[in-house]
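Written below as structure tokens is the structure these notes are about.
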Amino acid sequence: MTAGVLDLPIPRESLSRRFSDALFRRQGLLLTLLLVPPLLWLGIVYVGSLIALLLQSFFSIDEFSGTIVREFTLKTYAELLQPANLDVILRTVVMAAAVTLASAILAFPVAYYAARYAYGRMKAAFYLAIMMPLWSSYLVKVYAWKLLLAKEGAVAWAADRIGAMPMIDGLLSAPLIGGPSLSVSYIGQFLVFIYLWLPFMILPIQAALERVPGSLVEASADLGASPNQTFCTVVLPLAMPGVAAGSIFTFSLTLGDYILPQIIGPSTLLLGQAVYVLQGTAGNIPLAAAFAVVPIMVMAVYLLAAKRLGAFDAF
Amino acid sequence: MTSGAPLMSVHTRPQDTVAAQSLAPAHGCAVRFQDVARHFGAVRAVDGLDFDIRAGEFFSMLGPSGSGKTTCLRLIAGFEQPDAGTISIFGEPVAGVPPYRRAVNTVFQDYALFPHLNVLDNVTYGLRIRGMGRAERERLGREALALVKLVGFEARRPQQLSGGQRQRVALARALVNRPKVLLLDEPLGALDLKLREEMQVELKALQRSLGLTFIFVTHDQGEALSMSDRVAVFNAGRIVQVGTPEEIYERPQARFVAEFVGGSNVLGPDVAARFGGPSRLVSLRPEAIAVRPAGYTVEPGRLHADGTCIEVQYQGAMRRVIVDCEGVRLCALVPASDVRDLRPGEPSRLFWSPYAMHAMEDER
Amino acid sequence: MRSKASFGLKISAAVGLLFLHAPLAFVILYAFTTEERSYQFPPPGLTLKWFGVAWSRPDVWNALTLSFQVATVATLIALVLGTLAAGALARTKFFGREVISLLIILPIALPGIITGIALRSAFNLMDLPFSFWTIVVGHATFCVVVVHNNAVARLRRMSPSIIEASYDLGADSFQTFRYVILPNLSTALLAGAMLAFALSFDEVIVTTFTAGQQSTLPIWMLNELVRPRQRPVTNVVAVIVIALTFLPILAAYYLTREEAGASSRA
């Protein structure tokens, strides 16, 4: 087609213009070209690695030589079901569930306030106040709690000042979750897990709550519901997709963490540590791989359930 | 200054119009649709489109939303490709020609101004792509801004402009490329009434003075009738009628046109015959009907019907009167003084000239 | 429309925020303590000398340099891959689209240890020695999603008709990308890059599996946490890390303020 009018210059017939013509004539060519590099990377490098991992969980380790036997077997998975290993899995899942539940309870008021009552500059400040801890260094955050929970640290000092020391000692003397001090007990570990993942819970709940139109709350009040009834029958159900979305993070992150349990908590292993120790010092890659499949499976089930709750609309 | 007038068609049937145009030399035809269809899945956005748009005319595509008029415009611009049929622009088939190689420019419904560029850079974007030097393109850009009365706004950002000003920038940005055909997609839809009426006058004047082909998409029948040389009425992906505003308004060929354009009374063959007209599907304009009290003596040669007034709607100097005539509701648009004392529930007599009853094609 | 928040809600929101922020304040405080052997609170005295000591430690500098290099390269790779994926997914519908979205989110949705051990075993299977590049591969993989999410949010806010307007005015696909899409996308990409950089700079779990003998700054810190050598230097490094991640995150926020309300990390 010729250009519109003779006295305007005609665009140069560059190679890119010809190529652009081809993109227009062939539907899907552009899409393909855009998708190929990320798919190559994620599909081959990442999924390839995951599959390699999965495959190794079907190998076994020779008990005498300690070398890997590259033959298909379910022996490693059977080993996973031994009481000691099952114990690790169970302990980790319980911890993840407890952390998720506590995070949701603690996150809700912050998210609710940010979504419903904060606006303008206040809202921006709230957003930053939640984003900053979310993005700040994981290790520094863990380190902060090592400082705080140390015997000579700030928590003990403050508890001593207000006379709460007996209460903490009472908590620590509880069976199973207790321990000699906060920094080597499940209580301390639980506390720090909540601290680490709380922002991941607040943001999706806030996003979900913001999608609840104010008119809905007014309608409920107009129909005679008390504020508490409105909260329980309107706000809470509508916030559930946000809670589900947030719980994906809190659950998944707790399942896989192996750094925090090394630094704070008792010496018994959580799942992440077990994987780390098995693949590293123990050199038992097949069992480490089988262990690693557990959180994948747990998360797959979890994601399916969360999808039903509408979690993916809340991101 | 009235380049559009000689082009007005005298044909009444669309088939005739198309046949006559097909004989016209190619250079007189800006855009030609030959049996064009575009489907989205099972939805036929447009189907069996067969019409010509003449060079230099102001051509409106009128229809309700979803009737296919915007798809039609996008087919001309090249944003959509037809599934069947051929579109030619100035005689050249444009199958597979991307939008950036077409000598047409578009004024978008949401104006589509580039938010990262100021007004002048928006207007000169097309010239920059053509490789024109900065000084030259800015001179042309300022000229175009003068044409749409926006001198002094060069450095503003689109976000700092009002709706009407954005609309003018969009117009200048398209016109500066001197397109052979300008496509306008409901460009006045977002403006308030006063501004819209002003822009209607300005657009029409601009089109006359530039001698360009304007293809104007709208759902506002008043807009289409007041500005266009010819109007195509769209319904459900097809063109129901193409003609001058007079033809469309006074001699609708189908129930849809009669009702959509100006809200005509459409009477079935038996009702038309009962009222003394032909035994055909008939359109009767509200303003062709006079309203008098019951028993009023009608001049010889006029047709009349008696009924009960249902409603009198205030419309400024006019009143819209709805009368039930033995089960047939007729709507009349009359001067306020004619019905000053008329109240709903009162009997009244309607009358009209037999020539006001316009016979249409039977319904398909 | 909005009534006043109840007192109980205000208190719980404040407690939640305090819980999120107070611990980092202690890290900053401890960087100035005169106490060397323990985490004694309150600090017996305050000093600036540990900043000088940390400054003259070559191991800190090496770790910092490596982290910078890894984060830069990983961010560049993520920028390219994330932008391409965003371009393909932002406004299209096609078979398998959901699977590709899932694939992009997966590296941060799955526990980091899975990504780490999977990459490690793949490198082992291919007999690839651990190096700078194995760290980069791991980091780029989980950084793609950050760039992608920022770019997608911006592309969805962009009026699709401005791209059509560019074609309409004679620009081909490449000109349209350069003169219209890129300028409107740039702040979102910059923000995505900042966040990707912060994420990579801070990453420790995947890195422990892909690093071999090299130490990024987080690995250096982890070693100090598990086997402390000179606690005050660790304190100082922690403060430096806080500062270095704070700035890009703040910058990213200001670059994407309009979208901030609507999007989160994933």
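By written order: A, B and C. Residues from 1 in each chain.
Note that in this section contacts are C-beta pairs under 8 Å (C-beta built on N, C-alpha and C of every residue); 3 or more make two chains touch, one makes a residue touch a chain.
Because the structure is predicted, anything quoted here is derived from the model rather than measured.
Taken together, the touching pairs cover every possible pairing of the chains.
Summarising the inter-chain contacts, the pair of chains with the most C-beta pairs in contact is A-C. Measuring from the averaged C-alpha position of chain A to that of chain B gives a distance of 57 Å.
Chain A and chain C have CA centres that are 15 Å apart. Taken residue by residue, chain B touches two or more other chains at 98, 100, 129-130, 177, whereas all remaining positions touch fewer. Counting partners per residue, chain A has 11, 20-21, 24 as the residues that reach two or more other chains. The set of chain C residues that touch two or more partner chains comprises 170, 172, 175. Contact residues on chain B toward chain A in their complex (touch as defined above): 89, 92, 94, 96-98, 100-103, 127, 129-132, 177-180.
Remark: chain A residues 1-5, 8-12, 20-21, 24-25 touch chain B in the complex.
Taken together, the chain C residues at the contact with chain A in this complex read 1-2, 4-5, 9-10, 12-13, 16-17, 19-21, 23-24, 26-27, 30, 38-42, 77, 80-82, 84-85, 87-88, 92, 94, 100, 103-104, 106-107, 109-115, 117-122, 124-125, 137, 140-141, 144, 170, 172-175, 195, 198-199, 202, 204-205, 208-209, 218, 221-222, 225-226, 234, 238, 241-242, 245-246, 249-250, 253, 257, 260-266. Residue ranges of chain B in contact with chain C, taken from their complex: 77-79, 98-100, 104-106, 108-110, 112-116, 125-126, 128-130, 173-174, 177. Taken in their complex, chain C has these residues touching chain B: 159, 161-162, 164-172, 175, 179-180, 183-184.
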